[in-house]
Amino acid sequence: MSASAVMFYILGALVLTFGVLTVFTRKIFRAAVYLLLSLIGIAAIYIIMDMQFIAALQIVIYVGGIVVLIIFSIFLTHQAGERLPSRLPKHLLWSILLSGVGLLLATHILYHFSYKPSIEPAIEHSVKNIGTQLIDFRSYGYVFPFEVVSILLLAAMVGSIIIAMKTKKN
Amino acid sequence: MNVLSILILIPLITALVLLMVRKELHMKLIALFGSIAQLGYSVWLTNYYINFRKAGDTAEMLFQTSLGWFKPLNIYFSTGVDGISLTMILLTAMVVVAGILVSWKIQHQVKEFFFLIVLLSLGAYGFFISTDLFMMFFFLELAVIPKYLLIGIWGSGKKEYSAMKLALMLMAGSALVFLGIAALYFASGIYGGQYTWNIHELTQINFPMSVQVPIYLLIFTGFGVFTAMFPFHTWAPDGHSSAPTAASMFLAGISMKLGGYGALRVATYLLPNAAQEWSWIFIILASIAIIYGAFATMMQKDLKYMNAYSSVSHCGFVILGIAMLTKTAFMGAVMQMVSHGIMTALFFAAIGMIYDRAHTRQANELGGMLKQMPFIGTAFIIAGLTSLGLPGFSGFVSEMTVFVGSWERTGIFYRVATILACASIVVTAVYILRSVGFAIWGTITNKEYETLKDATWNEKAAAVLLIAGIVFIGVLPFWVVNLISNDTITIFNKFISVAVAN
Amino acid sequence: MEQVPLSHVLILSSCLFFLGIYGFFSRRNMITMLMSIELILNSININFIAFNKYLYPHQLEGVFFTLFIITVAAAEVSLAIAIIINLYRKFNTIDVEDTNTMKF
Amino acid sequence: MSTYDIAALLILLLPILSFAGLSFLGKRITPCTAGIVGTTVLFVAAGLALFTAYGYFFQFGEVAGAYAHHTSLEINWLQFNENLSINLSIILDPISVMMLVVITVISAMVHLYSFKYMHGEERFATYYAYLALFTFSMLGLVVSGNLFQMYIFWELVGVSSFLLIGFYFTKPSAIAAAKKAFIVTRFADLGFLLGILMLSYGAETLDFFVLIERLTQPDSVYLASFTATSFMGLSALSWGLLLVFTGGAGKSAMFPLHIWLPDAMEGPTPVSALIHAATMVVAGVYLVARLFPVFAISAPDALAIVGYIGVFTALFAAVIACTQTDIKRVLAYSTISQIAFMMFALGVAGWGEEKAEGFTASMFHLFTHAFFKALLFLGAGAVIHAVHSNEMKDMGGLRKSMPITHITFLIACLAIAGVPLLSGFFSKEAILNAAYHGNPMIFYVALLTSGLTAFYMFRLYFRIFWYKADEHGHHNHEKGMWAMNLPLIILAIGAAFTGYIPFGDFVSADGKPFELPFHLTFSIAPVLAGVIGIGIAWMMYSKQNSNPDKVSASFGRFYNWAYHKFYIDEIYLFVTKKVLFNLVGRPAAWFDKNVVDGMINGYASITSTTSEAIKGMQSGRLQTYTLFFLGGVLVVAILLIVNFI
């Protein structure tokens, strides 16, 4: 077992641990922090998988953007140290049941599925390759989705401003 | 342009023009003139038809056309009329004119009201001239929806409940009809080799008994709901009592006839074997409706309820005539449809006029109306006398024809049914005379009634038109008989050929 | 890394996925629900990357999908937070149990 | 068409035109004009009727030694099927011509009389219109050549009677009486209708004469098939005829369908004279007479039942008449009794020259009765007009102030009592004679009844015109009343002398002239009975005394029963109000409201309860929705896996 494999298992355990903590903790701020850590763990896994660009995005957008945004919104809507109310047992039962069954099912399939890797020569997942294909407008080029997503971002930005804006009361 | 298309075009144009004008008076005038034009055209068409017949045209239906409407499913807008449909068209045209006249004073949402009324009549005309089952169903539905709105918006009393009940029950009826005709369509592909909705093509096909029976029961029951057949009649009392006058007139005068016409033309005509075997069910139901409806009527205090239950009883004669499967009984059923249509329209018009003035329909709260409003009182009495089958009015000839026709069926079962039906003439007399005695005769019970005015010009015109119709049929029944007897014989001949084949 | 079988990576991601699901159901606070959704999205990203890496190394499609998912997630979170804040103003709470006017 | 056919047609057309004119223009013309128009039309019609009668009996009616029926007009009005059709026709034969004369003459008299009697009435024109409608319907009834045509006019007669009884429509008692009359006769008409259906089905025709021919020929296939089936000992034909007779019994007020007639006196008195004494109420007799050959030849058992019902009614009504105090009611019961005489006269008759004597006697009595009974009613009307009351106790000693009424009333009473030389004597003799030969038991009851008749008529007479001094002063009530007195005089002449018409020469069952037997010795018993009756009445009522009370007390409970009309009305009320309304009508209405409608409402409430129950799923909770969503996805996934992997 190579070092990277060991690293992977350690990181995986960490990600899961923080994920569990995120989901189970009764303090919302802590949940956000555990989420942060979990996301960082995932970024590390990307690095192990030679996906530095994605790892960077993960750090920049998730950790630097989204989680911070969440933390801000927690500040806006919560008193510090407030404990979250617990769920009704009925709901808990259902959620445990469903996610448990789902997990078992997924695991079962994943174990018994035979994966067939392609045999073509690999290409490097470098920023250069990614960037070239991303803004390429020939076949397999992603320039059109790229533009669409940029418009989507713009729209989301405008939309969230409008939604969150204080409306004048009549 | 086919002569029959005009029957649909006139109401359509009337409705469209109605939507464009803005002054209330103009709307009323347009609706009135549109309906009068339609009445005139129907009369002309009848005359035209009679001339064709005199010239020796023996086709089953005249003026037939066929336009592709939705060819992938073989739906054609095919039309054609015979004497039966023509009498129905005349009836509709007459009731529509009268209905528009009595609604002259309608207060709010005038445009929508007249639009819906014209739309309803459009549905009825379309239904009567269609020879394609799908188009028939289409127009049947077209005639149902406006009723919901007419009752729900312009009604009185517990109108939402009544409108909903009526619409749902009629919808359930038409759902049964649709199941039946759709089954017939697919059966036509299997047993006739060609998928078709057309009545004339369907009647050529010999369906096996196992196919006929369920379809017959479905279609007859479905149309029976429209005809207020026991035990599917309860939409009628509630619907009528909540409906505005014109809507009541349409409901009882036209809508119930859609059912009778359908039961005769579709269920009985297309499925003779099943009719022969299974019509006893409907004979039982009709006999119950006749007697039981009459007794239930006797207990009603509200005049509209009274007339609604009496409609149940009278429409029982229609069902009875159709289910008895003799030529005379068919003729009687058709005549009873026309007669009852006009008579009940007049009855509702008179009740509506009284209600508009006295603001009550309870027979025991009224009284002395004849003294205060001679015209309306007389119209009420004439409607009542027609209802109880006085000779000289249309009710007599039609009921007697049904009785004679029913008596032609031998066998103790049919005899008992006929005797029960005959017995209803006594009960009818009881409830009619009770209501006349309470509401029309007697002394004025309420001081407020002493200021009531008699009918206005529009109401008089409506009543006179309907009374003229009643008297015309009552005095010259042979005219109607000549118009329809060939067609009832055509339907009856199916049964002879069935009997021969068996 | 090559010694780690693909299925292990996928199982990691599905564990993360169902953690997210559980969190989504069991939490009443909208922000924590949002966090659960982030977990779910991340588990998907891991899947894409893993498939790209293990099964189709000659392509970049998994990378692109991850890229777009991250972008969309960013847009989604910004909108969700805006909505949450708006709800908070209206109902003075961000508990999903209390914001159930869209019924019947 | 010959002149006579046109005359016959005109007789029918004139009244209906008068009706139409008066009802449409009634408000535009003065009451006086309306009255004059109505009366003139009827007088013209009466003249035409006499003319037609002359023509029929002396010019064209007799074919090969017998009076045959003559069809003046026939219109195919409603064709039911190949065999059955309603042909509106005008048939002239002895009885229809006789009826034409009776109806038009009496009606003309009543029209004239009403001119004064109804003076000042608000709906004067309407009254005349109704009278004209009635006359038309009655004429149409008697000239029918078709069973169904008769039914049509039968109903029209019923409704015009209804309208006239209810003429004072603001009076509750008039409304009730009109309803009662219509409903009771309607009930009887149901029998008539069923009878028509049976007869027409059996004989495959609605035409009277064809029907009679088919049902009387011994070798007729129709007759054979008709009599083949029987029920309760009577053949189908007998049942059919009895059902038809039920209709006749309703109109002619035979027991137990008589209850409407006394109440019908709520109508204006001239109406009672026309409809409820002279014309409409004999329609039942006329109907049986029309079908007489079928009754007599093919169903003698049915005819016997007619006879028994008739004689029972005669006695029954006569007993009640002796106790009533309302003068119009006395006359009403007297009418019932007299019509019953005609009915049982038919009942005792058979087929063949001598045996059919009852037929002629019955028609004869119908003819004479029309005159004297109309006269009695009109006289009673004059009395009521003068004293403004129907009750005997308000009358007495009126002979001075109303001389013409007095004399004419006396003539009528003598005639009805069967005093020799007046018309009633001849016709009643004939009936009793027929009964004696036909069925002696009926004869003895009839004899007793005719004694009672004399008694109650003279009770009435003495009570009105003698008994006590006139409380209303001595001024003449008849001044300026020529319109009322003239009809009285004309009818009195009729009542006195119509008996001398050799009736047998004109009217007989088979159309052949025949001599009514007359035996002086036979007459002794009936005349004696009449004289005894008159004598008792004279003893009791010629002066004010306490005898009547003593006598009634001595009869005790029986008197009370008779006074209350043997509680028949109460029985009917019990059956209709209590039984039909409470046990049939109310349950039907309840059933409809709760069971049938409940079923429909039940469907509706099942639907709404179900949706109420499952609408909780639409909770507005995001998590619940997603829970369902995910559950669904998992289920689908598991299904797919189980099935495909």
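By letter and in written order, the chains are A, B, C and D; residue numbering begins at 1 in each of them.
Here, a contact is a pair of C-beta atoms (placed from the backbone, for glycine too) under 8 Å apart; a residue touches a chain by one contact, two chains touch by 3 or more.
The structure displayed is predicted, hence computed values, not measured ones.
The chains in contact with chain A and with chain B alike are D.
Set against one another, B-D and C-D show the most C-beta pairs in contact at B-D. Averaging C-alpha coordinates per chain places the centre of chain B 36 Å away from that of chain D. Averaging Cα coordinates per chain places chain C and chain D 97 Å apart.
In whole angstrom, the spacing between the mean C-alpha positions of chain A and chain C is 6. Mean C-alpha positions place chain A and chain D at a centre distance of 102 Å. With touch defined as above, residues shared between interfaces to two or more other chains in chain C number as follows: 21, 25. Within chain D, residues 623, 627, 630 each touch two or more of the remaining chains.
Contact of a single residue of chain B with at least two other chains is seen at no position.
Chain pairs that touch one another are A-C, A-D, B-D, C-D.
Of all the residues in chain B, the ones that touch chain D in their complex are 165, 168-169, 230-231, 233-235, 292, 295-296, 298-300, 309, 327-328, 331, 368, 370-371, 385, 388-392, 396-397, 400-401, 403-405, 407-408, 418-419, 422-423, 425-426, 429-430, 433-434, 437, 440-443, 477-478, 481, 485. Interface of chain D with chain B (complex): residues 76-81, 84, 148, 151-153, 155-156, 159, 162, 166, 169-170, 172, 175-176, 178-179, 182-183, 186-187, 189-190, 193-194, 197, 200-201, 581, 584-586, 588-589, 591-592, 596-597, 599-600, 604. Chain D contributes residues 623, 627, 630-631, 634, 637-638, 641 to its touches with chain A in the complex.
Every residue of chain C that touches chain D in the complex is listed here, in rising order: 21, 24-25, 33, 96-97, 100-104.
Of all residues in chain C, only 1-4, 6-12, 14-23, 25-29, 31-32, 34-36, 38-39, 42, 45-46, 49-50, 52-60, 63-64, 66-68, 70-79, 81-86, 88-89, 94-95 touch chain A in the complex they form.
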